[in-house]
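All remarks here apply to the structure that follows.
Per-chain numbering from 1; labels A, B, C and D assigned in written order.
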Amino acid sequence: MKDDVILRTITKFMLPFIQIFAFYTLAHGEISPGGGFQAGVIFGSSFILIALVFGKKEARSKMPRSVNDVLISTGDFIYAFTGLFCIFAGGFFLEYGELPFHSAKEGNHIGMIIIELGVAITVAAVMMTIFFEIAGKEDD
Amino acid sequence: MIEFIADKYNFWIAIVLMMIGFYAIIAKHNLVKKVIGLNIFQTSVFLFYISISKVNGGTAPIIWHPEGHAEVVYDNPLPHVLILTAIVVSVSVTAVALGIIVKLYKNYGSIEDDEIKLIEHNEPELDSK
Amino acid sequence: MEMIQSLTPVYAVLVSLSAIIPIYLSRNNPNLREFWTILAAIVKFIIVLSLIPPLLKGQTVGINLFEILPGISFGFRVDSLGLIFALMASFLWILTSFYSIGYMRSLKEHNQTRYFVCFAGSLSATIGAAFAANLFTMYIFYEALTLFTYPLIAHEETDEAFRGARIYLIYLLGTSIAFLLPAIIGTYLAAGSLEFVNGGLLAATASKGLSSTFLVVLFALFILGIAKAAIMPLHSWLPNAMVAPTPVSALLHAVAVVKMGVFVVLRVVLYVFGIDLMSALGIGTFLAYFASFTILLASIIALRQDNIKARLAYSTISQLSYIVVGVSLLSLSGVKGSILHIVVHAFSKITLFFWAGAMAVGTHKKYVSQLSGIAKKMPVSMAIFTVGALSLIGLPPFSGFLSKWYLLKGSLEAGLVPIAFVFMISSFLNACYFLPIIYIAYFGKISPEDEKDSHIKEAPKMMLVPMCITATMVILIFFFPGIVTSLIDLALNGIF
Amino acid sequence: MIDFFTTHAPVLTIVVFIFGALLAPVFGRINNSLSYYCALITTALSFVLSVYLLFSVYNNAPLEYLLGGWKPPYGIEYRVDILNSFILSVVSFVSFLSVIYGYGSIKSEIYEKRHPAFYSVYLLFIGGMMGILITNDIFNMYVFLEITSLAGYALIAMGRTRYSYMASFNYLILGSVGATFFLIGIGYLYMQTGTLNLTDLAQRLQGHFDTNVVLVAIAFIVVGLMLKMAVFPLHFWLPDAYTYSPSVISAAMAGTSTKVAAYLLIRLMYTIFGIQAGFSGINFSGIIIVIASITILAGSIIAISQTDLKKMLAFSSIGQIGYILIGTAMVNKYAFAGGLLHILNHAMMKTALFMVAGGFFYKFTSTKINDLKGMGRQMPFASAMFLILSLSMVGIPLTVGFISKWYIILGAAQSGYWIVVPVILLSSLLTAIYFGRVVHNLFFKDSEASNTGILHAKIPYSMVSSTAVLVFLCIFFGVFAYMPVEISLKAAENIIGAMPWK
């Protein structure tokens, strides 16, 4: 597929939109269908698309293994640390309302988005890892 | 009798799917087919959950304020949320399963479980990895 | 009775257990290793001896070490019954240690360190059971003895030895888990405690309306569970265990293991059920008849055995049932006779086993029919054998006469004339299987090869001296029964 | 500060694992040993926290923790009482010792490159189990169950042989089916009651036990959990999984995973199904006791015919799960305490046994029983520990095996389930037979030429010491049984006292 001009062009054109859509889903997850998980999957699939069209090597060069691994941990860390931060702010684990923003409402909004961001990063990175692991040795 | 079946069609669909999945898990020797069976099996449960969350006359549980309607009946959103989690789990299980199958193929050159057992029986390798 | 809190009984148990470490460490230096064994044996005997004075003063030495579960503690209590058993076992350990050294070295046995280690462990278990304050502690040592003796029986490491050891383990471990443990649990459920009580632990609870069926079943479980007493039909481990080296057979299968079996029976009858409850339930008489069956049958089987040790084994089975019958007569003389028989039989039978070992070392002969005229070559050994055999037949002036006397008297006291006949018939049978050995040894014609064979000679002194001592004891007890009976009377004071 | 700590301890027990699991691979980029220490510290911390929880609930009311501050029927609630804090301590202790053990054995059994991932997954595995134990929300239980199972599949696949993948795959299929069954059961319960909180479920289910929906829910949940527990006819995944996984994982899994599934069943049986409260005409405890008895006997009998030490231990584990079930199903204080004690005791014994088996493997790369001939001379200390543990498994007094069997039998006698007594005694005998075979090979046979292939000359101290600690505790708690007995009796009182008494 590497040589298919139409596919390559369209993919290049579509990639930014896919990724922006991922961010849209992430930001809107609070009040409409969507959220961190879906956003992560969409974002991850954009890299999978790169791998499918341009080959695994190309995709790996854009998302090196080491960065990928660290991203998995980072997302997880954002989630866990936010939860822990709520404790130190005086609430229960994951009680965003207690986060030091202006009001409980504000805290809930921002806290949730931070959490979703963590989820999205981890899911995206994990999606890519799964794909690269299962795709295995066959380089096409 | 017909009514009994027709009334509870959601259960029947879940049961039929579940049995198809179960059959594949038990009877198929191909490991990928087993995983597909597992997925069908789990999907039947997801459908079952979604169907029990339906409220008569309800709509999707997304908050909206249509003009002229003071009250909107929503479906129960909780099973949706639960199933979302269960789907994540199911995806992860599938991923792990496929990863293992890839490794099995690399080691045995086969993804039929009876063949793998035969190979292992004929030429057991203790320290192969 | 006064209770003195003292760790002495614990030390008595620990001496031989802790001796294991130096014995194991000095495994490359046989002389040093044997020195530790003998040192431990002597120290142990002294500790046991030191327990006599408080007992005579009417005090009880004991200690509760710790409570494992509510109502179940791990503790020791020295009463005169236990002390008799402990004295006998620890005294004979000293003799057997010397004997073992002679035996093992003459035959150049392998794995001697394992042998001495397990031997020391077995003795600890024996003393522990003798001093146990409750059924639970006793059960622990009962099992421990089984496990410690397994390597001793399998010592030869031949298929036959493994087979014998396996049968031994299956019989003893199997019955103790399948029957003895449920019996103990049943006792705990009924009485809420497992301590030995003068007059019976369950007697106190009998008034609570326990059904007699339950108690009879409990008693049956106890008797089935104590396979070490070798009451038929659970006896066949004993002949099979005779594959062990002779000193093991001597100490363990004439003194420690089987005597622990009958000792537990005594404890169960006297201290768990109690005389009154036993006679109220009528199970004493039943047990007496049941065990007399063993007496006769085992004696008859012994007649047919050509292998010396097998013949002695069946003789042991028969003699053990004397003790069981004696205690189940539930009469003063009967119980007295049975406790006395524990001691008497131990000394007599160990003499005979020592003799069998001396034969094995001196002549490499294992069968009665090969002993023709052997007395010419081994006069001392045969004289010693004669003493032991006559004592077991029950002739004066040997101590066997004393215990049989009491047993006969006890059976008449209890009004069980058939039992008295059983004793007499069995004495006759004893004569039938021991006297031929004496006859052919003294009056049989020695075969020409044996005549010329210069290897056939008396066993080394290391073995002969202990034999002489036990034989002397057999005679000594007849003339001075007071050393044993005074303790027995003390034990029976609280019961009758 | 103490208040703060007590309030948040339940969630911290889980949070340490989240942090540990994500820090291990990050540290692993710097140095492998850093990720090892990360795992070590995490499990140690969780053990300290669990014991702290146990002490703080022992004399007080259960601790409740509201995640996100949402009130119980709506939010997820963590709830710590004596029962689960006891098992929490057991699980975290076993996992801690397994990590210590792993210092030597992981190096020889798993590729250097995979160590950080291994530790991370291991922490998820343990963390998932801790989550199951601590949560009071039935769906949360399912999620944690899947987390721990997923981690378990990955861990088993890291075994040394290529057949490990197959073992892992079989476990994956059966484990997922079991978990899905559990999920269906939850769905039916939700259909009937509309709630997921256990306390709330228990209240709302009162009087609805005879409806078909609840019966179907119970059937699915019980079967699903029994699959996870490897109860007899559903045990096929377990022997291979334990045999082909790395030694550390065999040890940690044998001590924890099936027991946590057993805890789930116990918790659900008592708190929401009220084991004897409803079900006209169905004797719930009777059914479980019969199944458990069959499991005990079948596991022990199959174990006798095994030629591989690890496989034999695995079948033995199947049998031992039966003890836990049988004890807890009798609805009797003593039997329940016995079953609970067996969770602790069996965790110690079986973990230590698998550790010893791992030691044999470390030195000779074989766990075939026939290859163990004469090990008594070559590895005297390991063989002696094996002997003690075998005695404990048989149930000789002064070892922990005796204590739990004693209480189970006592409870059986009290509650009138006499059938249990011969089953337990018979299985003790069978246990004696199959361990006797191994011990016999260890001490009484001379080594054969075939097992001279020594891989490592010396066993590292980390492996020896962690095993020795467990062996010591096997004897210590057998002699001074007071503490665990008191705790489990109290847990039993709390659990049984909270339900309608027979």
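Just so we're on the same page, a residue touches a chain if its C-beta (ideal position, glycine included) is under 8 Å from a C-beta of that chain, and two chains touch if they have at least 3 such contacts.
These figures come from a predicted structure and were not determined experimentally.
Touch-path distance (fewest steps) from subunit A to subunit D is 1.
Between the interfaces C-D and A-B, more contacting C-beta pairs are found at C-D. Subunit B and subunit C have Cα centroids lying 69 Å from one another. We define each chain's centre as the mean of its Cα atoms; on that basis subunit A and subunit C are separated by 80 Å. Computed from the mean C-alpha positions, the centre of subunit C lies at a distance of 45 Å from the centre of subunit D.
Centre to centre, using the average C-alpha position, subunit A and subunit B are separated by 24 Å. Chain pairs that touch one another, listed by label: A-B, A-D, B-D, C-D. Residues 391, 394-398, 403, 406-407, 409-410, 413-414, 421, 425-426, 428-429, 432, 436, 440, 443-444, 478-482, 485 of subunit D are the ones that touch subunit C when the two sit in their complex. On the subunit B side of its complex with subunit D, the touching residues are 22, 25, 31, 34-35, 38, 41-42, 45, 48-49, 52, 78-79, 82, 85-86, 89, 92-93, 96-97, 100-101, 103-104, 107-108, 113, 116-117, 120, 124-129.
In the complex of the two chains, the subunit D residues touching subunit A come out as 8, 11, 15, 18-19, 21-23, 25-26, 29, 65-69.
Residues 62-63, 84, 88, 95, 98-99, 102, 106 of subunit B touch subunit A in their complex.
Considering their complex, residues 66-70, 74, 136, 139-140, 143, 147, 151, 154, 157, 162, 169, 173-174, 177-178, 181-182, 185-186, 188-189 of subunit C touch subunit D.
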